[in-house]
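Each of the next two complexes has subunit A plus one other chain: subunit B in the first, subunit C in the second.
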Partner chain A sequence: MNTRQVAKGDRAFFAVSTAAAFFTMSLVFAVLIFLSIRSWKTFSEQGLAFITGSTWDATSTPGTFQILPMLVGTLVVSILGLIIAVPTSVAVAYFIEYMAPPKVAKIATSLIDLLAALPSVVIGLWGLYVLIPHAVTWSKLLSTHLGFIPFFRTDFDNAQGAPFIAGWTVAIMIIPIITSVSREVMGRVDKELVSAASALGGTNFSTMRRVVLPTAKSGILGGILLGLGRALGETVAIFFVLNLVFETNWYRVLEPKGGNVASLIVSKFAEATATEISALMAAGVVLFVLTLIVNMIATSIVQRAERKMAS
Partner chain B sequence: MTTLELLPRPKDAAPWRNRSKSLLTKIALASVLPVVLAIAIGKAFGIPGPITLLLVFLPLQLLASGLAALSTRGKRGVADSQLNVAVLFATTFVAIMLGSVLFSVVSFGLNAISPHFAYQNNVYVTSTTSLEYGGAGHALLGTVLVVGLAALIAVPVGIAVAVYLTETRGRFRGPVRFFAQSMSGLPSIVAGLFIFAVFVSTGISRPAGWLASSALVLLMLPTVIRMSEEVLKLVPGDLRSAALALGAPQRKAFFLVIMPAAKTGLVTAILLGIARIVGETAPLLLTMRVNPNTNVNVFSGDMSTLPTYIFAFLTAGFDTGRARSWAAAFLLLAVVGLIFGTARAISAKSIKK
Partner chain C sequence: MNLQTQNSNIAVMDADSHLEARNIHVWFKERHVLSDVSLHFPTNSVTALIGPSGCGKSTFIRTLNRMHELIPGAGLAGSVYLDNEDIYAAGVDPVTIRLRVGMVFQKPNPFPTMTIKGNVLAGLRLSNRRTRDEDELVESCLNRASLWNEVKDRLDAPAGSLSGGQQQRLCIARSLALAPEVLLMDEPCSALDPGSTRRIEETIRELSSDMTVVIVTHNMQQAQRVSDQTAFFLAEEGQPGHVVEFGSTDNLFSSPNDPRTEDYVNGRFG
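After this line comes the complex of A and B, so read on.
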C-alpha cells in the first residue's frame, strides 16, 4: 500500500465524518427554515398579533390564529414545574452524593437514570389517573386555606385541568433530569476540598453552603435549564392533565384554565385544515425558538462549568 | 533496660464511640416524638393527612431535630440538623412520587395484561371490547420497527459525528458540539412538525413509519453523539499513537484499534439513545396513523406503536380502554427497563475488565 492510497482512504474516512458533522449542524437550521417557510403565511397574515392576541378561530375565513394564552400557559406550567423540581432535585442529588450509604446511592443513581427515560405518555397516564385525585385534594386545601394569596384564588370548585396539576406532572418529568445533572457535578467537586472544609471545623451545612454549592453552582444551573427546556417542550404528559382555554391566565394556578403550545399542536393537528396546520407550524416555530434559546444558554453554561472543573 | 509501662487509655479517647445513654434518648425522642405528636394533632383537629404531613409534622420534626442537635452538639449542630431533615423530606417526596409512577404502571399493568396481549393485534377491538380479545402485539412490533429504523440511521451518523469531534482536528468541532448539544432540547413535537412539513406537506409521502423514524433520528442523534464522544475520549491516546506509529492509516487505526477498545461504551451509548426515543409519542402522532392491524412495512401504510396505542385508548375513554393503556404502558416500561438493564450490565462488565 503506498502513501497515496493511504491518504485517499483516510481522506474518505474524514470526509464521511465531516459530512455527518455538518449534516447534524445543519439540522437545527433546516428545522427552523422549513417550519418558517411552511408557516410564513400565518406570520404574514396574523402579524405580531400571533403572539399577543388570544383568539383561535379556524372556522371562519381567513381565520384568526393567536397563541398568547398558550405561550403564557407554557411558561406558567414550566415555572411551576421548576418551583417543585429544583429544590427537591438538588436535595436528592445532595442526598445521593453526601448522605446515602454507598449501596443506596448506587441504586438511587441507576433508578434516577432509568426514570429520566420514562416515556412522557406513561407520566401522562399516571398523572391522569393517579396524580389528579390527590392533586385536586391539595388544590382544594390550598384554595380554601390560602385563598387570600392571589396565586391560589379560584372561582371554580374543581381544580381538574389546572396549571398547578400540570406543573406537578412536569416536575415529576424533570426531577430525574435535574437530579442526574446535579448529582454528576456535585460528585465532581474535589473531595479534598470537602475534607479540608470539615478538617477546618466546617459543619455539613457550612461545607455545603460554602464549598459544594459554589463549586457546583453553574453545573446545577445548566441542569435546571435543561429541565426547563424539557418542560417547555413537553407535550403528551401535559396534554392529558391540562385544560386548554383561549383565555390568558397569568397566575391563577388553581383555576382549570391553562395553555400549552405543544399540547395545542397535538390537540388541533388531527382535524386541522391547511391554514390551521400552517398556524400550528408557526406555533411550533415560536416554541422551537424559545427552547433553542434556553438550551443554548444551558449548553454554554454546562460547557464552561465542565472546562472549569477540568482545569 | 526497663520496658515502658503502657499508659492507661484515656476514657474520652474515642469520642465517636461515646454513645451515652442521654444521647441515645435524645435521638430516640427526636425521631419518635414528632411523629406521635403530628398524628395526635392531626387526629385531634381533624386536619387532612397531607396537610398534617407538610404543615404539622415537618415543622415539628425540624424543631425536634434542632433541639436535639442544640443539646448534643451546640449551636453549630442546628443548621446541620435542619439540612438533614429538609434533604430527607425532599428525598422521600421524590421517592414516593417516582415510586408511585413505577408502582401504578406495574400494578395496573399486571392487572390488565395477559400473554396474548403481547402478541395479538387489535383488529375488531374497540375501547369496550373485553380484555380477553386483542392486544398490543402489532404496536410492539411497530415500535421495534420504527425505533429500529431510527437507530439504523442515527447510530452511524452519530458515531461519525463523534469521530469528527474526537479523531479529527476539524475547525468546526466547537460549533458542531454546541449545536448537537442544543439539539438535545429540541421539543419532540417540533421534530414531528418538521418531518411533516418536509415530507407530508410537500406531498412526497403519506404519513408512514419511516417518517416517524426520521423524526426520532433528530431526537436520538444528540444522545448518541454526546455519549459516543465521551466514550471515544476515554480511549487512551497511547493506543492511538501506537497504531499510527506502526504505520496504520487513520481509518484502520479507528476501525481496528480505537473502536474495538471503546466497543462496550459505544453499545451503551446506542442503548441509551434508543431508550431516549422508544417512548416518544408526540412526533409519532403527527407523522403516522394508528392501525389496528399488523403492518411490517415501515415505508408505506399505517402502523401502530406502543406510545400511539396508549394515546389512542386514553383519548377514547372507557374503562377497558384505560386498562389496555396501562397494559401497553407496562410493556413499554418493560422495554425501556430491558434496554437499561442491558446497558448497565454491559458497562458494568467493561468496568470490571
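After this line comes the complex of A and C, so read on.
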C-alpha cells in the first residue's frame, strides 16, 4: 500500500469518526429540544412552582402540576443507593484486584459483569418478590431498635414501598458499574507502591486506605458518579418496589411515601391527558438537566483531582 | 569509618548470625528458580549479593522479609532465622517480620499522594503505630538518610517533586522510621546517577553501625566499596540459581576459589 492510499484511508476514517461524534452530540440536543417543545406549555403555565410545589392535580382545569416530592424521592433513593453501593463496590474491587487468587478474581469479575448485564426489569421483579419480604423484616428491626434516629422513625407498620427498599434495589443495580470502574483504576495503581506498602508493614486494609484509595480516588469518584447517573434515571426496577404517594418525604426512609421522577412518568403516562403529558415531558426535562448537572460536576471534580495528582 | 578494620572485625564464617537463610529453594509455579541457598548475615554487617541478571538475587532477598509470598504462584522451601527464630514458623505474622526487616526497592517508589513528611511517616500509619514526637522522628530519619538538609524547608511538598536520587534516599528514610534491625536493598542505585549513588553508598556504611544490611547489586565496584561479605549467585543454562561462592568481600574479589567467580568479578561474563 502506498502513502497516498494510506492517507486516503486515514481521511475516510477521520470523516466517519467525526460524523459519528457529531451525530451523538446532536442526538443529545435533539432529545432536549424535543422535550422542551413538548413541555413548554407546562413550564409557562406552572412557572418555578413546577419544581418547588407539591401538588399534582390533573382533574381540574387547567390543572396543577408540581413535582417536588418526586425530585426529593429521586435524590433520597439515589443517595441511599450510593450509601449502600459505594463501600461494597470499593471493597469488592479491592478484593478482586489485590486479595483474591487469580482464579477467584476471574470468576468474581465475570459474575459482576453478568450482574451489570441483567435487565432492570428482572432486578425489579427480584426486588418485588425476594427483597421486599426480607427488607420488611429488617426495616421493622431498624424502626423498633433505632427509631430514635430520625431517619428510621416511621408511623407505618410496614415498610413495603418505602425508599429504603428502593435504595437497596438501586444499590444492586449500580454496584457492578462502580465495582468495575474502581477495579480498573485500582489495577492501574503502580504495583511497586503496593509492594512498598506491604514492605512497610501495611495490612490489606491499611494499604487500601493509605495507598490504593488516595492514588485511585479520582477514578473511583468517576465510577461513583456514573453510578449516581444511573440511579437518578433508574425507572423500571424502582417502579416495581417504590410506592408513588404524592408527599414530600425528605428523610424518613422507612415510610412508604414519596416516589421518583422516572416512576412518576411511567405510572402516569398511559392514562394521561394531553396537558398531563406535557407535564410529564417537563418532568423528563428536569430529570435530564439534573443528570447533566451531576455529570458536569463529576467531570470537574475528576479533572481537578487529576490536575492535583499530576502536579 | 575504615572498611579495612571493620572487615577484620568480622569473622565471616563463625559470627553470631543475626539473620540466616538455610537451604532456601524457590519455585514460581512449576519453575525451580533458586536452589539450596544458605547464607548468614552477622549483626551490623553489610552483605552484597552479586551475579548476572536472572540468577535469583532479588528473589532471594524477598524471602528474607516474607515479601516473596505476595507473588501469585510463588513457592518456597527452607527456613530463614531472624535472631534464631524461624520467620516462616506457623503463627508468625508476616507483617511483624516486615517491620523488623525493612526493604528499599530498585526503582525509587515514594508514595506520590503523600508529602515528604508523610512518606517518612507512612510506615507508622500503615502499621497503625504511633510515635511520641513525629517531627523528631522525621528529622532523625531524614538525617540518617542524608536528605534532611535538602528538604527541611519543604517537608510538606509532594514526594514527586524530588529528584530520583532524593526519592531513593526518602525511601531509605521511610524504611528507617520503623526502626528495622535489617535493611534489604534491591539494586538501590541502578536507576541513579553516580553522584546520588555515592551518597547512598555513604549512607549504607553509616547505617551499618547499628543495622544489618543486605544489598543486591550489579555493580562490582559498589560491592567492594560497601560490603563486608559477598555472595556470588549464578544460574547456569537451564539450572536454577544457586550460590557459587560466599565469603569476605576482600577474599572473594582478590582470590576467588571458583573459576566462575573469578571470571565474573573480572568482567569476563555477565
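Note that in this section the second predicted complex is superposed on the first by the 272 of 311 C-alpha atoms of A that agree within 3 Å, B and C clash if a C-alpha of one lies under 4 Å from a C-alpha of the other, contacts with A are read in each partner's own complex, and residues count from 1 in each chain.
Note that contacts are C-beta pairs under 8 Å (C-beta built on N, C-alpha and C of every residue); 3 or more make two chains touch, one makes a residue touch a chain.
Here the structure is a predicted model, which means the values were calculated and not measured.
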Contacts of A:88 with subunit B and subunit C, given as first, second, both or neither: first
Touched partner set for A:190, first subunit B, second subunit C, both or neither: second
Which superposed partner A:18 touches (first subunit B, second subunit C, both, neither): first
First (subunit B), second (subunit C), both or neither touched by A:250: neither
Touching partner for A:114 - first (subunit B), second (subunit C), both, neither: first
Which of subunit B and subunit C A:199 touches, first, second, both or neither: second
In the superposition, subunit B vs subunit C on subunit A residues touched: B
Partner chain in contact with A:102 - subunit B first, subunit C second, else both or neither: second
Contact residues of subunit A, present in both the subunit B and the subunit C interface: 203, 206
Residues of subunit A defined as touching subunit C within the complex: 101-102, 190, 192-193, 195-203, 206-207, 210-211, 214-215, 309, 311
Contact set on subunit B toward subunit A in their complex: 48, 50-51, 76-77, 79-80, 82-84, 86-91, 93-94, 97-98, 100-102, 104-105, 108, 156-158, 160-161, 163-165, 167-168, 170, 172, 175-191, 193-194, 197-198, 201, 218, 221, 225, 249-251, 254, 272, 275-276, 278-282, 285-286, 307, 310-311, 314, 322, 325-326, 329, 332-333, 336-337, 340, 344
Residue ranges of subunit A in contact with subunit B within the complex: 1, 6, 9-10, 12-14, 16-25, 27-28, 30-31, 34-35, 37-38, 87-89, 91-92, 94-95, 99, 110-111, 113-115, 117-126, 128-130, 134, 137-138, 141, 145, 172, 175-176, 179, 203-206, 208, 226, 229-230, 232-236, 240, 262, 265-266, 269-270, 277, 280-281, 284, 287-288, 291-292, 294-296, 298-300, 302-303
Complex interface listing, subunit C residues touching subunit A: 65, 67, 70, 72, 95-96, 98-99, 102-103, 105, 107, 109, 111-114, 122-123, 125-128, 158, 171, 174-175, 178
